[in-house]
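These notes open a run of structures that come right after.
Same chain, two partners: chain A is paired with chain B first, then with chain C.
After this line comes the complex of A and B, so read on.
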């Protein structure tokens, strides 16, 4: 590996990706629509709410040209409910937002980065993929748009702790063929847990390498002798081991 | 397994394993400290893994192999029992700096289903403690200090990886505040 960085994304890169999320703003000044690479942005007319990408919304907020409406799941009430759910269900993460019903045949379905999961119309009872990054950035740049920023900050910290503890505990059930249910884990959490979880799996595979080799030999022998026992499931055995 | 220049693989192969000579070798007494004598049949010597393995596997003509290997003391039944009882209190570094790598190499040579189980369970149990220590900035100096000193090389890398990613996120949050 010639790259100096570990595999995966660094926290600033994850935050950069998060800045593509749409958020709802209330403009304070008129602004013509901008021709952006990702498509034209809607023109801003003061009292009307508009959805803008997070990076543009933060820029306008810093220039005091707009206010950001925090998404409904970032309210103390929703966060408390989600936190309760997390502490009650010790073995699963709180579920991600439901996907909308699939569109008619000849259009492509939207997947998370392009779904409005952080606008004012988002579902109030689920954490979207970029919950931690978005929450932290909004609290930093637009704390005055929250009703109770300190409480929200505290709840976000609590959620982060509970969920990271779950992720760490998940390695206890890992095995050569085991898995952890990671539905609903956010981008920053994946980035933070990747190095550790990957390291544990590599270590376990190294220890069990001889058993794996034996099984592979046995499978090959069986196949050569004409038994068609386990055809097609050796793709995952070929994974390169570091 | 691993690249030719992998320092950890080289150091693993340099660890000593007990070997018993099956033949009398003239002039090899210096390995035992007997400068001018012969290596007697049946004498037990600690040889590096790479040398012991080669000697044990090589067979000249139709004689038996030159030495027989025994599992090293770091993987003796006594140690495995201690790991079964409580993986967290064993000082792996004192047993062998590359404990798991040594285990994996030995398992290539011997068939020991139970050892695979014990080592996997140990690694998992200790990994969760390592993760907790890595996320707790004072952990490495407080009550966990003894445990941290007993980590083998693999576990140290794991600790470093977990610690660095937690630090990365913390730094990012601190950078946000500076803007």
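After this line comes the complex of A and C, so read on.
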């Protein structure tokens, strides 16, 4: 019964997550709204655009009941601009889409795949978290909804290679403490890099474990001594006053 | 829940409760798949989700009886989504069982000090499985050892027999709110973590922020 998988998400699981992303469809048939477990789905009235989760959009697409509008960042123009940015800035990923304004303190903050970063209204100049998976899935199931699918495919491949090279080069800065900043990284890239990056950090930590333990003990001692030191100072003050 | 929470809930967003529960369940699933140690069982959330799944299954059973060709496609959509939810719940619970299986005594100890860690059925599974195991060990070889060496949870001599998960494992995480400074114990490392930042960091350093919902694992 226990799950026989190692920690961290596998590629099919990442694709499963990506299928919860919202995309925009143009329905070809009417369909009433449905009460689904993840919230009510909007009624489909051709030719009005509607945002649906990707899994549902793909289901409709396969049965030719709808067309999918690719997100604006998945156009040759945007991808070329992002690819240029990636090649020019060799030490960081291109910035992720701007975050929506923060929710009030005690409500649940939303994060990918539940941010509308791949609908027709999404920002055209940034790759969202599930860019690679979403691009691949749309190209596979809805290639005819793209204007120039081959070009998009080629650009996606180019982006993937530039970014993978960065991920590999980033290994040089890893150390036992971790704390590497990776803003803009994609879901599939995290999945691919997890075993290696995590392994390197954990391995380095184990090598330095005894030194770290010494340091932890010393820090603790210092904290305690520091504390008793101030107490000592207080005593001195009191003596002066006397 | 006080009045502020209620007001915030009403005004904050028109996002349906179901969608928020899906976000919460997805997050809990990813966290459980990634984190090195067992996390608290989301009692209220699971109760709501399981109740909805139960109702949806009833609906599907009713509608299949009707055999109305028009509602056929709607039923396919409903069933597809139902299967996705069942996968999420199942994978979530199985990831938990895996952790319970790999460190049973440690989990039992933690559960004793914090009784919201396990669900009632998980606790039942753990205690019965452990009882069977120790009975088996005792009858096959432990009973022939001297009485002082028969324990499985001996902590004498400074070394505990109870294995723990490695809490310093590196994890990938994303900040959902500004967290401020995070210190990695035993090193000079200090980081400022802001909303939206993605970083690789030790589980022990972000544990508290993950449990409070300020950081999510990815």
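We adopt the following convention: the second predicted complex is superposed on the first by the 204 of 242 C-alpha atoms of A that agree within 3 Å, B and C clash if a C-alpha of one lies under 4 Å from a C-alpha of the other, contacts with A are read in each partner's own complex, and residues count from 1 in each chain.
We take it that a residue touches a chain if its C-beta (ideal position, glycine included) is under 8 Å from a C-beta of that chain, and two chains touch if they have at least 3 such contacts.
Since this is a predicted model, take the numbers as computed values, not measurements.
Undergrad: Which chain, chain B or chain C, ends up touching more residues of chain A in the combined arrangement?
TA: C
Undergrad: Mind working out whether A:185 is in touch with chain B, chain C, both or neither, as first, second, both or neither?
TA: Touch partner of A:185: chain C, not chain B.
Undergrad: Just checking: does A:207 make contact with chain B only, chain C only, both, or neither of them? Give me first, second, both or neither.
TA: It touches chain B, and chain C stays clear.
Undergrad: Looking at the overlay, what does A:40 touch: chain B (first), chain C (second), both, or neither?
TA: second
Undergrad: Go through the superposed model and pick first if A:169 touches only chain B, second if only chain C, both, or neither.
TA: In the superposition, A:169 touches chain B alone.
Undergrad: Quick one: is A:140 in contact with chain B, with chain C, with both, or with neither? Answer first, second, both or neither.
TA: A:140 sits against chain B, while chain C stays out of touch.
Undergrad: Now for A:194: first (chain B), second (chain C), both, or neither, which partner does it touch?
TA: both
Undergrad: Touch check for A:15: first (chain B), second (chain C), both, or neither?
TA: A:15 contacts chain B only, not chain C.
Undergrad: Would you tell me the residues on chain A in contact with chain B in one complex that are also in contact with chain C in the other?
TA: 194, 198, 213
Undergrad: Looking at the complex, which residues from chain A come into contact with chain C?
TA: 1-5, 7-9, 13, 16-17, 19-20, 31-32, 34, 36-41, 55-56, 59, 63, 96, 99, 102-111, 113-114, 176-185, 187, 190, 194, 197-198, 201-202, 205, 212-213, 215-216, 219
Undergrad: For chain A, which residues are in contact with chain B within the complex?
TA: Against chain B, chain A makes touches at 6, 10-12, 15, 136-137, 140-141, 164, 168-169, 171-172, 174-175, 188, 191-196, 198-200, 203-204, 206-211, 213, 241.
Undergrad: Enumerate the contact residues on chain B facing chain A in the complex.
TA: 1, 100-101, 103-104, 107-108, 111, 113, 116, 119-120, 123-125, 127-128, 131-132, 134-135, 154, 157-158, 161-162, 164-166, 168-169, 171-173, 175-177, 179
Undergrad: Going by the contact rule set out above, which residues of chain C touch chain A in the complex?
TA: 4-5, 8-9, 11-13, 15-20, 22-24, 26-27, 30, 33-36, 49, 52-53, 56, 73-74, 76-78, 80-82, 84-85, 87, 91, 94-95, 97-98, 100-101, 166, 168-172, 174, 176-177, 182, 184-189, 191, 195-202, 205, 213, 216, 218
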